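Next come two complexes built around chain A: one with chain B, the other with chain C.
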Partner chain A sequence: MSVSAVRRESAARSMLDFYATTIRTQIQTQFQYRVSLYMYTVGMVAEPVIYLVVWTTIARSQGGMVDGLTPGALAAYYIVWTLVRTMNIVFTPFGWEWRIREGELSGQLLRPLHPIHYDLASFAGQKVPWIVLYLPIGAALSLVFHPTLHPHALQVAVFLVAIWGAYVIRSLNQFSLGMVTFWTTRVGAIFQVWFLAELLLSGRLLPLPLMPHWSQTLANWLPFKYTFYFPIEALVGNMSTASLLGGLGMQLLWIGVGTAVMTGMWRLAVRRYSAVGN
Partner chain B sequence: MRPLRLVLLYVRLGVMNEAQYRANFFIAAFQSLLSVGVGLAVLALVYSHTPTLNGWTESELLVIVGVQILLGGVIHATIQPNMERLVDEVRDGKLDFALTKPEDSQLLISIRELRLWQAVDIVSGAIVVGVGIARLHSTIGVGHSLGFLLLLLLGALLLYCFWLIMATGSFWVVNMWFLAELFEGVFQTGRWPIGIYPGWLRYSMTYLVPIGFAVTVPAQALTNRLHWTTVVVAICFGAALTAFTRWFWRFGLRRYSGASA
Partner chain C sequence: MLPGVPGVVHVSHLTKIFRVPERESGMSAALRSLFKRQWRDVHAVEDISFEIEAGEVVGFLGPNGAGKTTTLKMLSGLLYPTSGEGLVLGHVPSRREREYLRRMTLVMGNRNQLQWDLPALDSFELNRAIYRLPRDDFRRTRDELIELLDVGDLVRKPVRQLSLGERMKVEVVGSLLHLPAVLFLDEPTIGLDVTMQRRLRSFVAEYNRRHGATVLLTSHYMADVEALCKRVIVIHHGRILFDGRLDALADSFSTTKTIEAVLADGERITLRVPKAETSQATARLLAEHDVTDLTVEDPPIEDVIEQVFAAEVSA
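Take a look at the complex of A and B:
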């Protein structure tokens, strides 16, 4: 092997090592705060339960179906939604203000890795306790709302890949969004516009087929759909094999776009950074 | 009148403090506009699929959404910042500063913070309520209007009690970072008439987390759904919860051991 090949291999190995260690530490850290975590989850579960109850009420009043969705299908959508939402929790762009103000970023800049790796690894680790805690909640919700869920093997497989795709896409986008903090301190309003667009165009608020047609078309051109609607629908819907794999392809595309935007934004942003204090 | 003077003093301090950051008003106003926009978009989506939701028309539901936004403004401007400060101070042992003052501790910890600009939501919520009523084409008598205001105040009181009970938990559980998220999530249930929720959830939302009483009941007063028994139950419940909150606060306080422990 040439010297550069050896160097590449050891770089890959130390990266892997970094991810494994960070994930392990995060799992152990998070399991210490079980009560807090459960309380947080209860607050989070309120959102899908509200949507589910509202749309079930509508479906019942329409004679058992709204746009072809039965209460059972809606229940399946929103119960899987909760799991996907858990996967979608990433470092919030609001956190950048704290990182910059507290000088937290100075420490990160000294590390040999791009800071996105730290966020990706630590939030990936936190998923494990969250999913473990979600399982009883998911079971309880299933007992109450009777979802109709009959996925076949390929759907399960695509779902398991797609939730991680969603996680990476959302991590990249929120990271880029957080970069705005380097230019202005009044970021709240900007972030809120973004979250609003996400709420309406991702399938978070309601399954996309229930939206007006023009907004469904718009959603096809944006990344949001691939972080909520696509992973959920992969498991609960009846998508063809082609559209299942096509969806994964689109996720890959958005990961590519997200990486490019994130890298560019980071380069521009970090030039504007000057450490505070100390 | 001493408590009232104390409240006014802290309000004046809070206003002076917030007046330093006047630009924040525009941010708050913009964010309020956005959240009203989302509320309206969601309503439009829901009512594009159905003419009524559990017997509530779009205009009637607009009243509920307005009440929820309005109460949200009250909470974010006054109740929540105080309770978050309380939780932080219990953890850091700084509550000593409040406890050593020769005033009632519960009063003091409830009035120290004011986020004036968040109160924009009170105005925008009131406008939404107004639009909802105007679209109903029915006149609302003086009695119902007064009932509405009374129930709204009672709703704010219930939510204050609920927040204080949760925050008092910090005397036992040190890490309470989830409180705001928990409340925010549960408070969103108030956007919809309480009748759409399944029985077990409806009861816990009325008595355990008093969102039903806080939001739906005042809105009932404006949409001619209010029965006098509901008012009586609400008042009794409010009195009982206030008394319990007072007792629980004192009970929790006994566990507080100060900064040096």
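Take a look at the complex of A and C:
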């Protein structure tokens, strides 16, 4: 075949094909390292279990409740937290230095596809085995901590959409954050500030209603809440239909903002990329 | 080439200057650099111009740090030029238009773009999706490339279990699945044994012959260049020193000829004489000895290149 006569698939169909192929490839890769996969999943459970034990102890010492949250509600929050956390793990900004130094970025820049698609597709693929492993862990945690969880159909539906919304928001934000590496090489301190803000204002450390009022107000104006608290609360809380759909709308808004910031930064970052020796 | 119509690769006054921080060693210099950082401009590529026609295989030669890889990176869209113009297949590479990226490839001998834990066949599938290749075309090309490089067994093993040479071969297959019209090959045979080098060379030649692709190749192995390239561009300190036929390189730069003679008693004599004195030296040799065989050659191309760079350094 001549190089001038190469046929191409249509753009939309091939994008779906790319996502499906990458997801398949990542699932296969994850199964190459089964022991590390088990250990990783078990490690993931440690953080919420610590939070859960602490808050349950506090609730019991205060007569069975913390700010209206029962041990059962706290158990539901942190068990669902574990699944949401598993879902919103994305390529870390700390990895960008490696990505540039090892030449991986050069390889991605040579492809006729924005690298964000590879990140989105590959981490989505990695989640499949993680979720399969989460299911028995979630069941075991439920047996031990007795969560209060009675979601109705709309809550389940919103939750299933919201965990992917959270994943996309976090992917876009951390992709943009990682690109700071193009401007300064020692970016660890900047990332730490970002992650501290996320820890406190997302509902990751504790449910937002347990936070001071001013920080709850602040959280409403930032994307973090929509990557942890909103998906969890959609399933375990008592949100109205309007609040559920409004939350999805806010996720969509933050996806739009994240896409705009990421696209703008990418254009500038690529121009700065000097790639000496990579 | 038609007048006014640029070749497949058109480079005009291309320049790349890197601004790099620098400081003396020691604590006081480290403290000073906290407040006032010093910078130095590194002229990696300076005002180079050349054209490459469709189907040409051109060797891009130069010592380490000469500007070869920087040039290839500018032509493949990885680097923005500081000034000047690069045009490949009618595209400005730095714009990184998808249509352009689908028609070129950059193979770097020391880089791995395959999925480390999976057989290369899985990475090839990923490339099929990335380059939007119809499945039947993809399978045909893949099988053809696998056969050409004889890697049928290797593509089924996880990439991490392949040797450097084996990995390079499957890497090349992965880089060509989209049948690029332009190949930038940066040290494709680096670290490979002689057999692997030869195999890769004949593969590049065959790909060029079958698909009419244009190839710009850098290599420190002159055997690569001699086997593949009729034309070479020699670059040093970011500037082009020579652009022409490989066999003209020796004419332009070599100041000596090598005379080899076999005498009647079986003794072999090798003389390196100034070019201008070749005929005199040959005549004297024939007159004074009983010669059964005699050859007059340019010195090995490695020596010529070495002379070129040495002359540039001492200039």
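Here are a few things to note about the model shown:
Basically, the second predicted complex is superposed on the first by the 267 of 278 C-alpha atoms of A that agree within 3 Å, B and C clash if a C-alpha of one lies under 4 Å from a C-alpha of the other, contacts with A are read in each partner's own complex, and residues count from 1 in each chain.
One rule holds in what follows: contacts are C-beta pairs under 8 Å (C-beta built on N, C-alpha and C of every residue); 3 or more make two chains touch, one makes a residue touch a chain.
Since we're looking at a predicted model, the values are computed, not measured.
By the touch criterion stated above, A:E47 is placed in contact with chain B alone, chain C being left untouched. Applying the stated contact rule after C-alpha superposition, one finds that A:Y33 touches each of chain B and chain C. When both complexes are overlaid on chain A, the residue A:L205 reaches chain B alone and has no touch with chain C.
Within the superposed three-chain model, A:A260 lies out of touch with both chain B and chain C [touch as defined at top]. Contact with chain C, but none with chain B, is seen for A:S14 once the two complexes are overlaid on the shared chain.
Once the two complexes are laid over each other on the shared chain, residue contacts for A:A139 go to neither chain B nor chain C.
In the superposed model, A:S106 lies in contact with chain C only, and not with chain B. Looking at the shared chain after the overlay, A:Q192 reaches chain B, while chain C stays out of its contact range. On chain A, the patch touched by chain B and the patch touched by chain C overlap at residues 33.
The touching residues of chain A, when paired with chain C in their complex, are 1-4, 6-11, 14, 17-18, 20-22, 25, 28-29, 32-33, 103, 106-107, 109-113, 270-271, 273-277.
Here chain C touches chain A in the complex through residues 18, 69-70, 73, 76-80, 96, 98-99, 101-103, 105-106, 108, 111, 113, 115, 117-118, 122-123, 125-126, 128-134, 137, 140-141, 158, 178-181, 211-213, going by the rule given at the top.
Touching chain B in their complex are the following residues of chain A: 33, 35-37, 39-40, 42-47, 49-50, 53-54, 57-58, 61-62, 66-67, 144, 186, 188-189, 192-193, 196, 199-200, 205-206, 210-212. Against chain A, the residues of chain B that register as touching in their complex are 23, 27, 30-31, 34, 37-38, 41-42, 45-46, 48-50, 52-54, 173, 175-179, 181-186, 188-189, 191-192, 196-198, 201.
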